[in-house]
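My questions all concern the structure below.
Letters A, B, C, D and E mark the chains in the order given here, with residues in each chain numbered from 1 onward.
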Amino acid sequence: MKKNNIIKLILIIVVVALLVVLPLVIKNDSTINLVILVLLYILLASSWNILGGYTGQTNLGHAAFFGVGSLTTRLLWVNGVPFLLSFLAGGVVAVILALIIGAPAFKLRGVYFAIGTLALAQMLNLTVGNILPEMSYNPDLANYQLLPRYYLFLGLTLITILTAAILVKSRIGLGMMAVREGEDAAESLGISALKHKLIALSISAFFAGMAGAAFAYYHVSFYYYMPFGSEWTFDPMMMAYIGGTGTIIGPIIGAVFFVLLKQLLVWNVGEYHLIIFGTLFILIVLFLPGGLVEIWQKFRTFLTKKTKRRKKVLLKATIQNEDGIQRE
Amino acid sequence: TPAPTPTPVATQAPLETQAPTATEVQYPPAPEYIEIGASIPLTGKFGSLGSQVKVGYDYAIADINADGGVYVAEYGTKIPLRLTAYDDESDPTKAVSNLEKVFTENNVVAYLGGAASGMHAATTAIAEKNKVPYLGVSFAWWNIHQRGYKYLFSPFPKSPDQARDVFKALNELVPTKEERPTNIAIFQEKTDWGNELGGLFKADAGPAGYTVAYYAEYAPGTTDFSTLIMEAQAANADMLLGMPNTPDGIAIVKQAAELGWEPKFIMLVRAPDAATWGEATGTAGDSVTMFAGWHSGENFDGIAEINAKHQTDFSRPADILVGPAYACVQILAAGIEKAGTLDRDAIRDAIAATEMMTVMGNVSFNADGTGNVLNPLVQWQDGKMELVWPADQKTADFVYPIP
Amino acid sequence: MLQSLGQNLVFGLLVGALYGLVALGLSLIFGVTKFLNVAHGELVMFGGYASFYAFSMLGLDPFLSIPLTIIILFVLGAILYRLVFSRTIKLPEESKIKNTLLVAFGLSVIFQNLALRFFTADERGITTSYFSQAFTLGGVRFPLPKVAILVVTVIFLIILQLILKKTYTGKAIRATTQNWEAASLMGIDIHKVYLLSFAMGAALAGVAGTLVAVNYSIQPSMGLGWTMKALIVMVLGGLGNIPGTIIGGLILGLTESTTSFFISSNYREVAGLVLFLLVLIFRPQGLFGSKEA
Amino acid sequence: MQLLTVEKLCKSFGGLKAINNLDFHVNEGEIVGIIGPNGSGKTTSLNLLTGFLKPNSGRINFRGEEIGGLPRHIVCQKGIARTFQLCKPFMDFTAMQNVMVARAYGRKPSANLHIAEKESIDILEQVGLGSKAGILVKDLRVMERKRLELARALATKPYLLLLDELMAGLNLTEADEACKLINQIRESNITIIMVEHIVKAVTCVSDRIIVFNMGEKIAEGQPEEIVHNPKVIEVYLGKSHA
Amino acid sequence: MLNLENVNIFYKELQAIWSVSLNVQKGEIVALIGPNGAGKTTLLRVISGLHRCASGKIDFLGRQIEKEAPEKIVEYGLSQVPEGGKIFTGMSVLENLELGAFVKRARKEKNQNLEWVYEIFPRLAERKSQQAGTLSGGERQMLAIGRALMSKPQLLMLDEPSFGLAPILVERMFETIEKINHEGLTIFLVEQNVQSSLELAHRAYLLENGRIVGEGKGKDLLTFESVRSSYLG
């Protein structure tokens, strides 16, 4: 077990180190852009996963938080507020929105919650489009540099993943998962479901908002309503499911897989890329319901079973089976 | 008026004939291709526009390459053009990513644009950041050109041209003042281009002798326009100006007919650009006019060939964005040739100094990158798109008032 | 003023009927099978294209081509069920909803792009010779194509209700909705019931598609917008509640039209969503849903 | 000393009066059995006690405090734990995690998860699931799940434990075992209310039995008295128990 | 009438039933008893076709049914009252009963059967238009049995019909089962209530950990020490 953890730690450090030096080695904007895109989606998928995967509330309105974060940051920044301040404001405003809508939204359960949040995001999308139909431009296009943007995304992504990892190992995390497994039972054991859902929503919204803020900093020009589009909910959600919800690594794998596969298809297959992508996607959902993580888990249990069986055989040879209970 | 061009070189100067005479010059090895990059919405909501644009690019490049390519003085030879175009699914983020990819991997010397204002707005900024000349059509939004961008060029009529010309054309086509419509209803789509054009329509109406009787905004994607139509009717409007997208435009004309509103003149700047407009709207869409930017019936050199090709490929004459897209490549090729190098800034300067005939007529650029181009008025007649103004280009007579 | 308000309300109701019809198939499918088929809008699109081509190539009047559309979409629905959705029926309800949602997403991507290849990205629409004919009642115009929406919707609502309430097959469908295991112990072939409901839902989407093509326009990427409307109407009317769905549609239509009348066309859509959220918060089971279901 | 006092409790669903003017009390250290026909309001009364339903009127006093209508997690933290008529374990958790949740959130929650984990294992041993700590609930048998449900309730360190048909579906031998377990729990100073249809089990462990019918209390007393009460025989026990 | 031979059943990799053989003869009441989780429900589900067995043969009235779909098995005359009744809560009592007669064979005799069921359970006749979800626990069980009877089965399988019922209702339930059997229906009964079911049954099987560990006349089994100690406390 311990050895396993050390290997894991080393692996993580290597990957992070690689990501840190990547832009210094590969001075290639297109690659950096692609990695930024992957990081952005890891951020979104991981933050979605905190509420959707760990707390069991299928949120179809994640775009609302991404959008609000992005809108706030961009508006403030374009209007001359120092960037760092505008940047943090993005996350804060997303949390405020989460707290405002949280209490009524969590009155809804199951499909109602899902479609309710979808409607909410759609509403914001339309309203922002109505109030702010203008295109906005990056205030300092002249000095546009990709590198700081890259590190911003990288840092933010690492913080999100770390937060999620710490969270799910904590008492609150345990409570969140208990709420997912069964709200009635969780409450009867002293857990306030509403409180835990709100905490999960706030954290989820915060990182989605920060992702939006970083997006506002990154994107040279966009319409204010653009980050509210439903694809900002559905893509990350699909990534989380493809990778495996309720795990830390799932959304990461999902995002990498999703973005790279899609880009590869765009670049190589041409006009049929979306048809092929859709088909692959359906096959994954149907035949790997636990996500890509499941492949790994199956592989691992297969391995451990094999070693266990070998050990068992050895044991049998020496001592008689101590308990008669058969359990295969 | 076009900005005075500082370059002394005559536009039509036969560079090809001059270069070979300098025989002894040692040329560096020429690249295999002149790389051009584009991100085009082939799928998603702008898919129909993007596909027309792509056809135009492909035709032009094929034509130029059939001739060996573009002569580049620096290398002393003709080099063929190669376009790397990726689909962006009508998503600006993906478009940006595509442009960065072709920039770094293909080291493109120029970008060609996709389609629709919102997409251009995102991609032109990338061109500016990467300092790559960018030629784009299929957007009339003027404001985008007012951001001081140096690398953006658009040989396409812009909102101010459209607002000015609608009244100019109407006044020319309907000479007797009494017959002209007087009360305008403007349905303004709530987008920044809609805002811009709507405002210009309103501002230009008075001086041209018209009154705006009704002005309303609506959100794009609205399926029901009955409120707007009834209010316009109540305001006695006899002319409709708008800039809806195609589905909204179809809904507007159908619902106007259903509600019995019969304005004398309808101009929907964008909606009827779909080749299927006539079929989709039937009699409701007949006699609706628009500014197409180009029409296959224009009588400039090269159009006949394009139409013939399009006829074989799609069994109809070229769609309206095919010509402007074709012209973009013509302008770019001329710019490269004039620059005599593949240096992007040199090409940019050469394009800025453009003064040439293309399949969309004579093109020159203003300092803001907007083009001085022909702005033809087209009208749907019996399910066909006819060119009705200016008179020297027309393919059919203007039908007025709407029967 | 009063007359134009009346006109407005009438249009709202007629459009609302279309919303209801679009949601009807979705609601039927969801109610019986618990498949959240977010590719419903694409089925509407296919229905639209079916009647469009019947009209432009065969010269068939769109209302006469409805049976044809129904057959095509029914078969398509059956194929989809067999190929894709049937693989999720054994899952517990929550994961069934989730998985079908994802699968349907994949399908909608595929459908959109297939449509793009085969039908091109151009907008299409059906304009019949009688499209602008209308009758007037108290100064309010009732255009025939819009009135047809209401008529068609009511007809299909009645047909569906009759099937569900009066026939054995309908009872089997309702029984399967409530408990598929018990239903199969009654001798009901639940695969058949699922297939039938899915195909019927698809066929209803097809009918709605015809009406969309007649009254608005169709295009490969039109699906998502209609799916959203249908989802909202479905929840508004109470999940799986058939008459409730239609009434939900009417209410949405009315809300939108009155908003654009009294406030601004800018806020039509937003108003519908606000109404929806308010309903959800104060009556989470939808306007006509029962708590138990 | 009275641990729980219920006075004039009423609850109706629509027109149906599920609980009607109910009065009863439970003393500290007692085991009280509740029996009554199907639909007589037993589960409903437990739901009212634990905050799963809000009473229409009446009072519920627990350790000198009014708890009627409090949110359910607060009720738990005040020291009332329950099991469900239909088991509701956390299916994707291991047995140990199930108990750990209760230990981390119930009354007097553990300071940190490590301590919670240790304590959880002790509790699992107490109900005889010590060897199953690491097994996922979905792989547990029905009986084991019921024990786990009990362990989870115990882990919230309740003063009062409410058991809703814990023994349904058990045969008499299994029920006997369960009774032993309940007696064992009583030793650790936990007061118990149990709702059961297995009369033999209820009479065997209860100090006192309350009989419900149509939302009202129709009898109360020692198990001996109750099984011979003609009214109870008529509405609930039937002739064979007479 | 019903004959199982060496049936093995798995849930994924987990084996729940180990080579079970048993039979039910016409006119009998046969009880299957065993502790919790022994696999009784599993066995009934497989017989009804809701779950597949990995190996073994199931023969009903001379037909091999182990690979048949559930609806076919009902058609052949084998009905089950599932654990917990599983009535259609959103429909009326009458509609529930009508659905019981869904199979073609039974549709023709629907009205006759309805009379018959109402005769056995007069309570259901009183409540025929009431929504089934509002019935009390005992009434639900009656409805579940009545519904199964509507298909006019030859063999009726009952899975714990006394589960969660008040003693007085349990008593009535067993009386009813006996009555139905007297009318000529063969019954295969799964029960936890060992005392009552063994008193009622002609024969019984003991299932433990997925294996048949005993078999005999119902009343004989009651006197076995092993049965007494492991089931009757």
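Keep in mind that, in the parts below, contacts are C-beta pairs under 8 Å (C-beta built on N, C-alpha and C of every residue); 3 or more make two chains touch, one makes a residue touch a chain.
What you see is a predicted model; the values in this text were computed from it and never measured.
> When every step has to jump to a touching chain, what is the lowest number of steps that links subunit C to subunit E?
Tracing touching chains, the least step count from subunit C to subunit E comes to 1.
> What pair of chains is linked by the largest number of C-beta pairs in contact?
Here the largest contact count links B-C.
> Look at all chain centres (mean of CA atoms) and spot the one farthest from the centre of subunit C.
If we average the C-alpha coordinates per chain, D ends up farthest from subunit C.
> For subunit B versus subunit C, what separation do you get between their C-alpha means, in angstrom?
38
> Between subunit A and subunit C, tell me the centre distance in angstrom, where each centre is the average of that chain's C-alpha atoms.
Centre-to-centre distance between subunit A and subunit C: 32 Å.
> How many Å are there between the centre of subunit B and the centre of subunit E, using C-alpha atoms for each centre?
76
> Could you work out how far the Cα centre of subunit A sits from that of subunit B, in whole Å?
Here the centre of subunit B sits 40 Å away from the centre of subunit A.
> By the touch rule stated above, which residues of subunit C touch at least two different other chains?
112-113, 266-267, 269
> Residues touching two or more other chains, restricted to subunit B: which are they?
Touching at least two other chains: 43, 190, 219.
> Scan subunit D for residues touching two or more other chains and write them down.
Subunit D, residues with two or more chain partners: not present.
> Give every residue of subunit B touching subunit A within the complex, in rising order.
Subunit B residues touching subunit A: 42-43, 86-87, 89, 91-94, 96-98, 100-101, 103-105, 117-118, 121-122, 124-126, 128-130, 144, 147, 190-192, 194-195, 219-220.
> Could you pull out which subunit A residues touch subunit B in their complex?
The contact residues of subunit A facing subunit B are 28-31, 33-34, 37, 126, 129-130, 133-135, 137-138, 141, 144, 219-223, 226, 231, 263, 266-267, 270-271, 273-274.
> Using the touch definition from the top, list the residues of subunit D that touch subunit A in their complex.
Interface residues on subunit D, with respect to subunit A: 50-52, 71-73, 76-77, 81-82, 84, 88-93, 97, 100-102, 104-107, 109, 112-113, 152-153, 155-156.
> Over in the complex, which subunit C residues touch subunit E? Could you list them?
Subunit C residues touching subunit E: 168, 171-172, 174-175, 177-179, 181-190, 290, 292-293.
> Would you mind writing out the residues of subunit C in touch with subunit A in their complex?
36, 84, 87-88, 91, 94-95, 97-99, 102-103, 105-110, 112-114, 117, 224, 228, 231-232, 235, 239, 266-267, 269-270, 273-274, 276-277, 280-281, 284-285
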